[in-house]
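Letters A, B, C and D name the chains as they come in the text, with residue numbers starting at 1 for each one.
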Amino acid sequence: MFRLKVVKTPIVVVNFKTYLEGTGKKAIDLAKSAEKVNHETGVCFAVAPQFVDIPPIINLVDIPVFSQHIDPYKPGSYTGHVLPEAIKEAGASGTLINHSERRLKLADIDEAITRAREAGLTTIACTNNTAVSAAAAALQPDMIAVEPPELIGTGIPVSKSKPEVVTGTVESVKRVNRDAVVLCGAGITNGEDVAAAIRLGTEGVLVASGIVKAKDPYKVMLEFAQAMIKH
Amino acid sequence: MFRLKVVKTPIVVVNFKTYLEGTGKKAIDLAKSAEKVNHETGVCFAVAPQFVDIPPIINLVDIPVFSQHIDPYKPGSYTGHVLPEAIKEAGASGTLINHSERRLKLADIDEAITRAREAGLTTIACTNNTAVSAAAAALQPDMIAVEPPELIGTGIPVSKSKPEVVTGTVESVKRVNRDAVVLCGAGITNGEDVAAAIRLGTEGVLVASGIVKAKDPYKVMLEFAQAMIKH
Amino acid sequence: MFRLKVVKTPIVVVNFKTYLEGTGKKAIDLAKSAEKVNHETGVCFAVAPQFVDIPPIINLVDIPVFSQHIDPYKPGSYTGHVLPEAIKEAGASGTLINHSERRLKLADIDEAITRAREAGLTTIACTNNTAVSAAAAALQPDMIAVEPPELIGTGIPVSKSKPEVVTGTVESVKRVNRDAVVLCGAGITNGEDVAAAIRLGTEGVLVASGIVKAKDPYKVMLEFAQAMIKH
Amino acid sequence: MFRLKVVKTPIVVVNFKTYLEGTGKKAIDLAKSAEKVNHETGVCFAVAPQFVDIPPIINLVDIPVFSQHIDPYKPGSYTGHVLPEAIKEAGASGTLINHSERRLKLADIDEAITRAREAGLTTIACTNNTAVSAAAAALQPDMIAVEPPELIGTGIPVSKSKPEVVTGTVESVKRVNRDAVVLCGAGITNGEDVAAAIRLGTEGVLVASGIVKAKDPYKVMLEFAQAMIKH
């Protein structure tokens, strides 16, 4: 059972954002659907719920859980901030850093990646184009997820409408750090979009509304997993 | 038992910040000590742990729990932010807003108070001086906690070293909103500081290191409660 | 001649933002048109150009010049920030604070108003609704300019589409500080909008695109001035 | 005469910050001293005054002038921000970006560098360590200035106390972009510190208090220039 918690590629990271469909009890249901697909297909599904929804999901669901954000701080007087150690002790496997809806200053991304590593969290640095992906790669996160912000939530898949951003990111990231895993996101809603992402050289996708706001999230996740396996 | 969860005055709000002494299992222990004092003395103790520590404390401890921060957003595409509805569904009673270590823009404080009210959360707006307290009062939070930032964490109690800030805040807040509860904080470490705060017209204190980093937090909280009862 | 530089009511404050039509040489031309209307009608026109356009306008044009923003700092190690003393020494009469496109944290608005007063600058605190106007008034700026952000740049005048925001602001501000001048802005494009603003109890308007992006800014400003005089 | 305005290496960039010693008339005097050293020694001195002090210095002094910051925006509704085109039209040669006292989000540094290039401004991206320098280099600024923030204003020169940060930056930046010029800063106060910086592979220094707050800025600048020539 424990194997399901391992972060491995290919991977689908489901960002619950602050959608009501991904909050509280609904967050748990969504995570259970991801666990089911994980179990049935062997494809790694990780979920990134809101901070307060991390503990109940960790308790009830057996897949990797990511934080949506951490702050670049050590333990101390930082009211209202997100300490990497607290996320780790809650049982999370990793964290998004610098999502386009939670952008950080450059020096803070560097420090957040360092602090996450010290706390034992896997890091996914989010970026918005090829140049920024190359910059982020220099900071040695475990993964880079490139998402052109203008496509987020549109249903226009980056892997089909801006393939050059994806291939450019894969190239520029690998030049800096051969071991970094590249994901892509924005507008991914079906298996075909996922297959295109893999063909372009990524090892997975970061997805939000395409799954969280789907009529049948389980069905969409299954389609994503099958597209990854076939490939 | 449920009565212990009621937010009432006089009140001691314990801010766990991102101190290691207030993280994870230690956060639960600390909250249990607060519950014990609450139970033994009848004085209301509320705790404000980190976001991920809210659910386990809600499950295991029977006192009001506050968030250290919320964001002024409605459900939607806000990765890495703190949705009032999520905090409420997790079982929290209220939230700090605009703590000096997590200051917000003026319009965002207004919106955060509105959103918290809509979600059913009690609000404590934090302020740094008399003028800012009057300004915050105009936004109709349930409580105002004035804390001169230069005294935070020093052990020099605001209630003794800057009594005019406390009385000035009580006066200016009550002029704007008679029902608003005024607390004070910064440098509060013993019963004498608490008694001074009550004498100056507050209905409680906001405290962090004085309790969280104390050698025996239970003992300090008991002393705080007794100072409030005697008064 | 010097009298034209005096800040007095009724007043039209023209915010040049970072519009190309209000940058560099065009900023000087625009300021000269304002000076002409000022001279011809006796109505006070003040201009708020970009920081680097303040000195040439001060040199060439004889009307009050405002900064679009200042930072809440004393002289020191604050690279890239806007020191009140520098704005004053450049010859400016005052400054906007907390414009909806440059919002500040509550404590920073308080400090910015204090610092501007120390430097001898007239302050216009910008707000977005009645409650926030009351809050800002508690910080004792010289003027409050209320602008519902959703109307900015739309041509739908606040003074006609949301009169209750304007009258609510006048009432709540005057209750806190009888001497504070209330302006309104957002969507103001013609004399009728200006007349409506004055009828609602304001002593002037804050306007940007309605003048800066007009085909004939001089003509629009003249219409504004005449609406104020007639009233 | 015009040749003095050319940005060339080796270079000393003098950041006036918001020091009173570098504000208004004193800013002009300081820039004139830099011009004198420039003229006498042939070493390029550029000054970075506050925004409102750029125009008078451009008018009166014949050396390159840099802005301390620009915003990553196109012309539009951005009250209180610094438009690259406005800085250029005022006559500036370039701009600092991401100074440690004015840090930007990663995506904004990328966009600010792009916008500066479009406006014809030379860019100096500031960084705080080797990894962040490599990241910034991926965004193709003209120059990188590495400054460990803990040394800024201390008089402990980075070039002597942390030479590995300087050499590490030179190496990592050149690997990404052979043409990028590397500067270093923090704690530089005399010719010996400058000589050490050049020996470590930089082509100049970014300096603030060491010159601006010196008893005799002209003398210090002359010493800096001589250290560069000798080398």
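Just so it is clear, a contact is a pair of C-beta atoms (placed from the backbone, for glycine too) under 8 Å apart; a residue touches a chain by one contact, two chains touch by 3 or more.
Note that the structure is a prediction, hence the values are computed from the model and not measured.
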Chain-contact steps, minimal, separating chain D from chain B: 2
Partner chains that chain C and chain D have in common: none
From chain B, the most remote chain by mean C-alpha position: D
Mean-CA-position distance for chain B and chain A (Å): 34
Distance between the centres, which are taken as Cα means, of chain D and chain A, whole angstrom: 38
Where chain A and chain C are represented by their mean Cα positions, the distance between them in whole Å: 45
Multi-partner residues of chain C (at least 2 other chains): 100
Residue ranges of chain C in contact with chain D within the complex: 15, 17-20, 23-25, 48, 50-56, 68-69, 71, 73, 75-83, 85-87, 89-90, 96, 99-102, 152-153, 208-209
Parts of chain C lying in touch with chain B, wherever the complex brings them together: 98, 100, 103-110, 127-129, 131-132, 134-140, 172, 176
